Amino acid sequence: MQLTQRAKQVDRRPMTQLEKLYLWNIAKGMWITISHLFKRKVTIQYPEQKRTFSKVFRGVQILNRDEEGRERCTACGLCAVACPAEAITMEAAERQPGEEHLYKEEKYAAKYEINMLRCIFCGYCEEACPKDAIYLSQTFAQANYDRKGFIYKKEDLLIPNPKEDPDAYQRAVGERVTKPLSS
Amino acid sequence: MPINYYIFLSIALFCIGIVGVLTRRNAIIIFMCIELMMNAVNLLLVAFSKMHHATNGATNASAGIDGQIFVFFIMVVAAAEVSVGLAIIVMMYRNIHSVDVNFLNRLKH
Amino acid sequence: MQGMYLLVVDWYFILEKFLLVGLVVSLSMVVAMYATYAERKVAAFLQDRIGPNRAGIFGLLQPLADGGKLFFKEEIIPLASSKALFVLGPMLAMITALLTSAVIPWSTPLRIFDRNISLQIADINIGILYIFGVVSLGVYGIMIGGWASNNKFSLLAAIRGASQMISYELAMGLSLIALLMLTGSLQMSVIVNHQLGGGLGGLLSWHVIYQPLGFVIFFICAMAECNRTPFDLPEAENELNFGYHQEYSSMKLGFYLFAEYINMFISGVVMSTLFFGGYDLPFVNEETWNIHQNWLAIIGFCTLLGKAFFFVFVFMWIRWTIPRFRFDQLMNLGWKRLIPLALINMVITAFVILWLKK
Amino acid sequence: MNALILSAVLGVIMMFSGVMLKQKSAVRNIAITGLFLLLVVNILEMSGMSFFRINTAGMMHFDRFSLLFNCIVFFSTFVYLLLSARDIEKTGNYYAEYFTLIFFILCGVILVSSFQSLLILFLGIEIISIPLYILTGSDKKNLKSNEASLKYFLLGAFSTGLMLMGIALIYGSVGSFSTAQINMTEKPGALMIAGMILLLFSMSFKVSAAPFHFWTPDVYDGAPTVFTSFMATIVKVAAFIAFIRLFGEAFGNLQPQWQIWIALITAATLFIGNITAVFQQSVKRMLAYSSIAQAGFMLLSLYAMNADAKEGLLLYSAAYSLATIGIFAVLIKMNDYTFDGFNGLAKYQPLLAATTTIFLLSLAGIPLTAGFISKFYMLKAAVATGRHLWLVIFAVLMAAVSVYYYFRVIQAMYFKEGQPGIITTSPVFKYTLVVLAALIIILGIFPNLLLNWYYF
Amino acid sequence: MNVTQILFWFLSVLALFGALMVVTSKNPVHSVLWLIATFFSISGHYILLNAQFLAIVNIIVYAGAIMVLFLFVIMLMNLNKTTEPKKNRWLKLAGGVAGGCLLLVFIAALKSSEITQQTAEVKTGDIGLIKNLGRELFSTYVVPFEISSILFLSAMVGAVVIGKKE
Amino acid sequence: MIPVLLILVPLLTGLTSFFLKNERTVRSWALFASLVTLAVSLLGLTLLKDQQYLFFQAEWMASLNSSFSVRLDGMGQILCLLNAVAFPLIFISTWRSNYPKANNFFALMLLAQAGMMGVFLAMDALLFYFFWELALIPAYFLCSQWGGPKRIQVTFKFFIYTFVGSLLMLVGILYIYFHTKDTSFDIASFYKASLTAKEQTWLFWLLFIAFAIKMPIFPFHTWQPDTYEQSPTATTMVLSGVMVKMGVFGVLRWLLPVLPDASWAWGDSVSTMAVAGMIYASLIAIRQDDLKRLVAYSSIAHIGLMCLTIFSVNNIGMQGVMIQMFNHGINIIGLWIVIELIERQFGTRKISELGGLAQKAPAMAILFVVIALANIALPLTNAFVGEFLMFTGIFTSTVTKYNIWFTVLAGLCIILAAIYTLNLIRKVFYGNTVELTVNTSDIKLNEKLALGIIVVLIFWAGIYSQPFLDVTKNVSTDVTNSILDKPEINKYLRK
């Protein structure tokens, strides 16, 4: 039964002596390969030349800050709950006096880790987050030499401070974030 | 070159081959020694052929050529012999996992 | 007849030959080096890629980089191997690969210091047999290397390689006999001269016109002799890891790889010489150009190189097109198809020659 | 030449028949018909009808002696196939190939019986030997067969090496491989003598003459019995023809130099062959030793090297081959190869027993059989030389010893009780045996029936 | 001592040394390789004697085909030093002595042979050239040549019969 | 044609017997065949009176100068007659003996007869050798197949002995063949062969050993008693009655005339052996308990006497030998018949176990006594004539110095023979019956017939032996003259 138009019917007849010589088939193959010699090359010179991502590309997670550079995350744990791969762990801590410039709310994540070996980049964490504290950027997961390195700490995840390093912040934000970061 | 040199060289090679046949137990090496003997003969035949050509070449341009032709045939035969011989050795190896000719003595009983 | 007496001593002659040997060897080496590059490039192009392009412009320095890398890599000789033979293997492979070039007439003679310098190292009257002799020795490099590694994959590969080479040598030899009937000589220079001066600037007297079947067989066998895909059973990666040179590293591995490319180049040269008129430039008649002999020689040489490179390219082209044989298929092809074909070719040629003579 | 070409062609035909034909009987019939053709063609050539005129450049000469000998060989092989072709098929999967090899061996036999050049002798001997190595080892699963084959091969190749050295030395001395040229040597030098001795050794090896016999019993015992039969008969007499031609035609003038050697070898062969045969427990092994003993008798012809000797050798080859083939054909049918295995055969298979008795009597040299008359010719030839009469007396005493072991079989068959296990035999087999036995007796009474071919 | 003589002695010593090593090597593979070396030096002798055809055929046939087969078999059987069976020391000695005696006897016998005075021509003479050999082979020796095909056929059949697995 | 018939009749009838299945048919057929042979032989006898000999020659192996030539002359005739007479007697007397596979038995018997006929008739050395062996083979099979418990080894010993001898003879024949003037196997050429004394010497021994084994002469006799003992009696009759005569005959026809010098030179040695053998055999015979062995040893003694006589080369003696060959054959067959009867009836041949047969079986006793007395050469019996002539011959021999010694010693053997024969008669036939012989039955008709014929022959030849003497006269003169007339011997003879 033909389900799609692309399926090709296989010819099961025994080959004739002539066909067994494979002459025609070899010639065909040779023609195919030689024809590729003159085709446009599809190679991208990667570091110099990059492919543009699609709008919906989901890259490495980023922990966001507000305009003032304060961490948005309140360690509510919804992202961890939403994560199907159970890649996210966190420890909450209370904001001490004098730390207001660091944390937006009274509670913050003292420790926030994502195991990038488990993460499947589904984006549920982003959707679950009520504070827009986490979102998936358009950067790749980096290579590393050992497995420990793939457990991203909060330091790895936090976006650069917009106040101190606005350019880097802007780069990190990328094009994907369409909704305003301030709320 | 005096022909004696060639005779002695060939005989020496030949005798080394014989010693090998007598002293080794590995069938393959014995066989190789036999090949060595044949090569000694080949060398001797070529030397003789050239010797006869040196003496009779003046009257007969192709004097001594038969010696070299004979060598050619020896090579032919050697090739055929090797194919069969090695087949036999392999066949025996398949059965007893050894090429020791001393195993052959069991036939005597 | 020059070359008839192999041991005539003439010091200039020897010097000249030494130079020529050096030249030919280095040429082969360079060609082999760039053949590795070419291989990667061709492969890339056939697969819509670009290939090495980082080292130097268009990656032209890539072979040097590879060579350097091979030189400086750690030299590992397996403990349980047989040391002397382990070293001997790649040497043999290299030597036999290089030896073949000795009887090839590279071009018409040069004229330097009032001496006609033949661009052929040794014009012996058994040239083709010499090639066969050397090619048949090529097996040893593989076998010794494979055995000395003391690795079962290497050994299997070595045995495969050797049996493949021996088998295809037969068909190769047989395919040439018909050609030898045409030329009546085994001397390479005679064979080349036989192809000069036909119609279309020599093209019509190329042997490939008279011996197409012979050429095809020879070509296939040459491929097998070089262990090129689809005949690269000895190094079939997915079955034997890396084949007979699995345990090799550093420059010894390099020797093996080089030897393969040299073989490829030389077989291209041999094919051009035997079937494609050697240094004969088709469609034109060089003699009428009235230019210096040396120029003619250089043109001839370039022609030969061009033809050889074409064959090298075809080798690569085929490599990246056709899948590898199974071993029984390989043997069947060699023994049951090529040898009978070669015999038929021989018989037909013989009859035609007889008929023509009448 | 007729037979040479035909047998080569037949070999190839057999090779393909194994592939083309599915039925064993068809292959067998082709082989038997082929041999018959071979015989016919050879007889035609004897009567002057040569189909091929090929210039052998004096390297071969098909005289009456060789042609008649070839006739004998073909006839023996014909009988052999009639009797044992079915057993050949039982040896292994490659029955057609075995027939092929037999035809090729026949080519070799033709070569060694008609060579005029040492080159042809060498090729002939190799063409005989190489298929024999294979036939010896054709029972691949059987260790004894393997070992026999290997042993035969190694020693055979070794003796070939010796032979080649001999040929080379002679070539050095004479400058030619032609037997006639070699025979023209006036005064033999050291090279010549050394070469001759080496040839003598290697040929002695091929005919399994003592002290070069040691391979024979093992090889004959180890080889599949059908092929032992072939080896012990046709091949052996072929080697003798080569031997006698070589020493008659190439070294005829040197007879004083080698005669005493041959005499000693003959005596040793007779002694070892007969005495050792006495102590055997297996009939097959006994026949192996007896073949050595019979070789001793055939060596007498070499020793004598006169007209009688040639006639005698022809007779001997016919008588010996036919009788031995017959015995082996019966032996193959037995389950037990020991002497006791024959106990009571006369009671259950009177025909087999009777014919076997005739064959054994013939081998023992009892009058009225061909064996006697051939031994008689040998003795006659040896006596005619007028020298070394001790050799003749020794030979005769050894012949008496041989009676001991041949008659052991007869005793077992007729006078002892027992129930021999025997494979059923076809009527053709029995008729052939009877004809064979009759032939042996007729030859024994009228040897001229055979010898007349030699002269007319 | 001219070049020819130097070559002769060199090749002879190499051949003898190689032959000795063949016999004495413990490892069969080494034996094979030494034998190849011996064959090469014998080929060298052929070239010296201007028997070019035989020289190259010697290499193709012996070194290129026969010895490869040997190597094959040895490698497939995985024979090496340890699997080499030990032969009785006295037997070895006896074999050596026998061979030595044979050598002495030969040399003594042939020292004063009838052709002592003659020489084998080196470097000259054209009978070893392929043209002459070929002409002779296909005219005078054509019958033996054809006969040798029977030999090959039988060897081929034999190798198949013996070699093929049942 | 008569000589050919003599060979052909038993040969062909013998071969046909193989294919007869019924035992009675075979018996009758064999008897018939032997009677036909006898008739032919008698016919030959009558014809021989007119001619010197009957001759037949046919081409056989021309390339060897050998022909199928048979001749019936005096010496041959007397032995052929013996051969022809013996077989009917054997067949009649063993009419009741049971032989499994009778067809083979009788066929082989007839073949043996044919072989022996050939030996007695052959005039060609090769043919002689052929028949010599041909007679042996059936005998071998007869003894091995139907003999006693130790038959196989014993017969084999017999066979090997004879075979070795005959092969040596073959070498001798071949050597002489090459030294005849026309390289021929014909007996006439053999008689004229030129051989040096040295050659003759060892040729003599080559041939003589063959004949001596057959006769048998001490020390070549060891096969004989065993073989006689183990063979079936019918075969023993053939062996001792006819076959041993082959040896004597061989010496007469093929040794003395062919090698006269050596025969003369070595005559004394041979005679000494013969005499030694006679005494030895006689002494052993006295000690024997077994009937068959006793007769066997007595046979050795008798043959020794014949041999002794032959080598004393004397015309009278030679004639005596020829007659005695016939007589001894007849007598010993008679003895065997009785022994066969005894053995068949009592299952034993031990003298010590028998006794008093005369009371129970008077006919047998009478006939046996007559035959036994003939065997020790009592006057009026046939053997007396022969032995008398032989003793005369030995005594008057001119070729030996020791003729008196030989005569005395041989005479001693006659006395010894009387001792053991009479002892035998006394112990077996007279005295009291023992347990075993109480129920003895007398002989049957067929046995009576056979023994009767023998007794008749004994007396006839004993009283009227002139016809035998006539037949053998010429031949014996020829044989003796072949030595005595040689000039180089003649001068050494005792005058």
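When the chains are written out, they are named A, B, C, D, E and F in that same order, and each has its own residue count from 1.
Definition applied: a residue touches a chain if its C-beta (ideal position, glycine included) is under 8 Å from a C-beta of that chain, and two chains touch if they have at least 3 such contacts.
Just so we're clear, the structure is a prediction, and the values are computed from it rather than from any experiment.
Colleague: If you take the chains that touch chain B and keep only those that also touch chain C, what is left?
Modeller: Under the touch definition, chain B and chain C have E as mutual neighbours.
Colleague: Treat touching chains as neighbours: how many steps, at the fewest, connect chain B to chain F?
Modeller: 2
Colleague: Cut chain C out of the contact graph: what components remain?
Modeller: Apart from chain C, the chains cluster as A | B, D, E, F.
Colleague: Where centres are the averaged C-alpha coordinates, which chain has the largest centre distance to chain F?
Modeller: A
Colleague: Centre-to-centre on C-alpha atoms, which chain is most distant from chain B?
Modeller: If we average the C-alpha coordinates per chain, A ends up farthest from chain B.
Colleague: In terms of C-beta pairs in contact, which two chains are most connected?
Modeller: Highest contact count among chain pairs: B-E.
Colleague: Per-chain C-alpha centres versus the global one: which chain is nearest?
Modeller: Of all chains shown, the one whose C-alpha centre lies nearest the global C-alpha mean is D.
Colleague: Based only on mean CA positions, could you tell me how far chain D sits from chain E in angstrom?
Modeller: Taking the mean C-alpha position of each chain, the two centres sit 32 Å apart.
Colleague: With centres defined as the mean C-alpha position, give me the chain C-chain D separation in Å.
Modeller: That pair's centroid distance is 53 Å.
Colleague: Where the CA atoms of chain B average out and where those of chain D average out, how many Å apart are those spots?
Modeller: 26
Colleague: Taking the mean of the CA coordinates per chain, how far is chain A from chain D in Å?
Modeller: Result: the chain centres lie 89 Å from each other.
Colleague: Two-or-more-chain contact residues of chain D, please, as numbers and ranges.
Modeller: Residues 119, 123, 126, 130, 133-134, 137, 140-141, 149, 169, 172 of chain D touch two or more partner chains.
Colleague: Which chain E residues sit where two or more other chains touch them?
Modeller: Residues 4, 48, 50, 53, 57, 65, 72, 76, 106, 110-111, 113, 115, 140-141, 144, 148, 151, 154-155, 158, 162 of chain E each touch two or more of the other chains.
Colleague: What parts of chain B, by residue number, touch at least two of the other chains?
Modeller: In chain B, the residues touching two or more other chains are 3, 7, 14, 17, 31, 48, 51, 63-64, 66, 69, 73, 77, 80-81, 84, 87-89, 91.
Colleague: Among the chains present, which pairs are found to touch?
Modeller: The complete list of chain pairs in contact reads A-C, B-D, B-E, C-E, D-E, D-F.
Colleague: Sort out for me which residues of chain A touch chain C in the complex.
Modeller: Checking each residue of chain A against chain C gives 26, 29-30, 32-34, 36-37, 39-43.
Colleague: Flag every residue of chain B that touches chain E in the complex, lowest number first.
Modeller: Per the touch definition, chain B meets chain E at residues 1-9, 11-20, 22-26, 28-29, 31-33, 35-36, 39, 42-43, 46-51, 53-55, 57, 62-66, 68-69, 71-73, 75-84, 86-91, 93, 98-100, 102.
Colleague: In the complex, go through chain C and note every residue touching chain A.
Modeller: On the chain C side, the touching residues are 42, 44-50, 317-318, 320-322.
Colleague: So in the complex, the part of chain B that touches chain D is made up of which residues?
Modeller: 3, 7, 10, 14, 17, 21, 27, 30-31, 34, 37-38, 40-41, 44-45, 48, 51-52, 56, 63-64, 66-67, 69-70, 73-74, 77, 80-81, 84-85, 87-89, 91-92, 95-96, 101, 103-104, 106-108
Colleague: Within the complex, which stretch of chain D touches chain E?
Modeller: 8, 11-12, 15, 54-57, 59-60, 92-94, 97-98, 100-101, 104-105, 107-108, 111, 119-120, 123, 126-127, 130-131, 133-134, 137-138, 140-141, 149, 169, 172-173, 189-194
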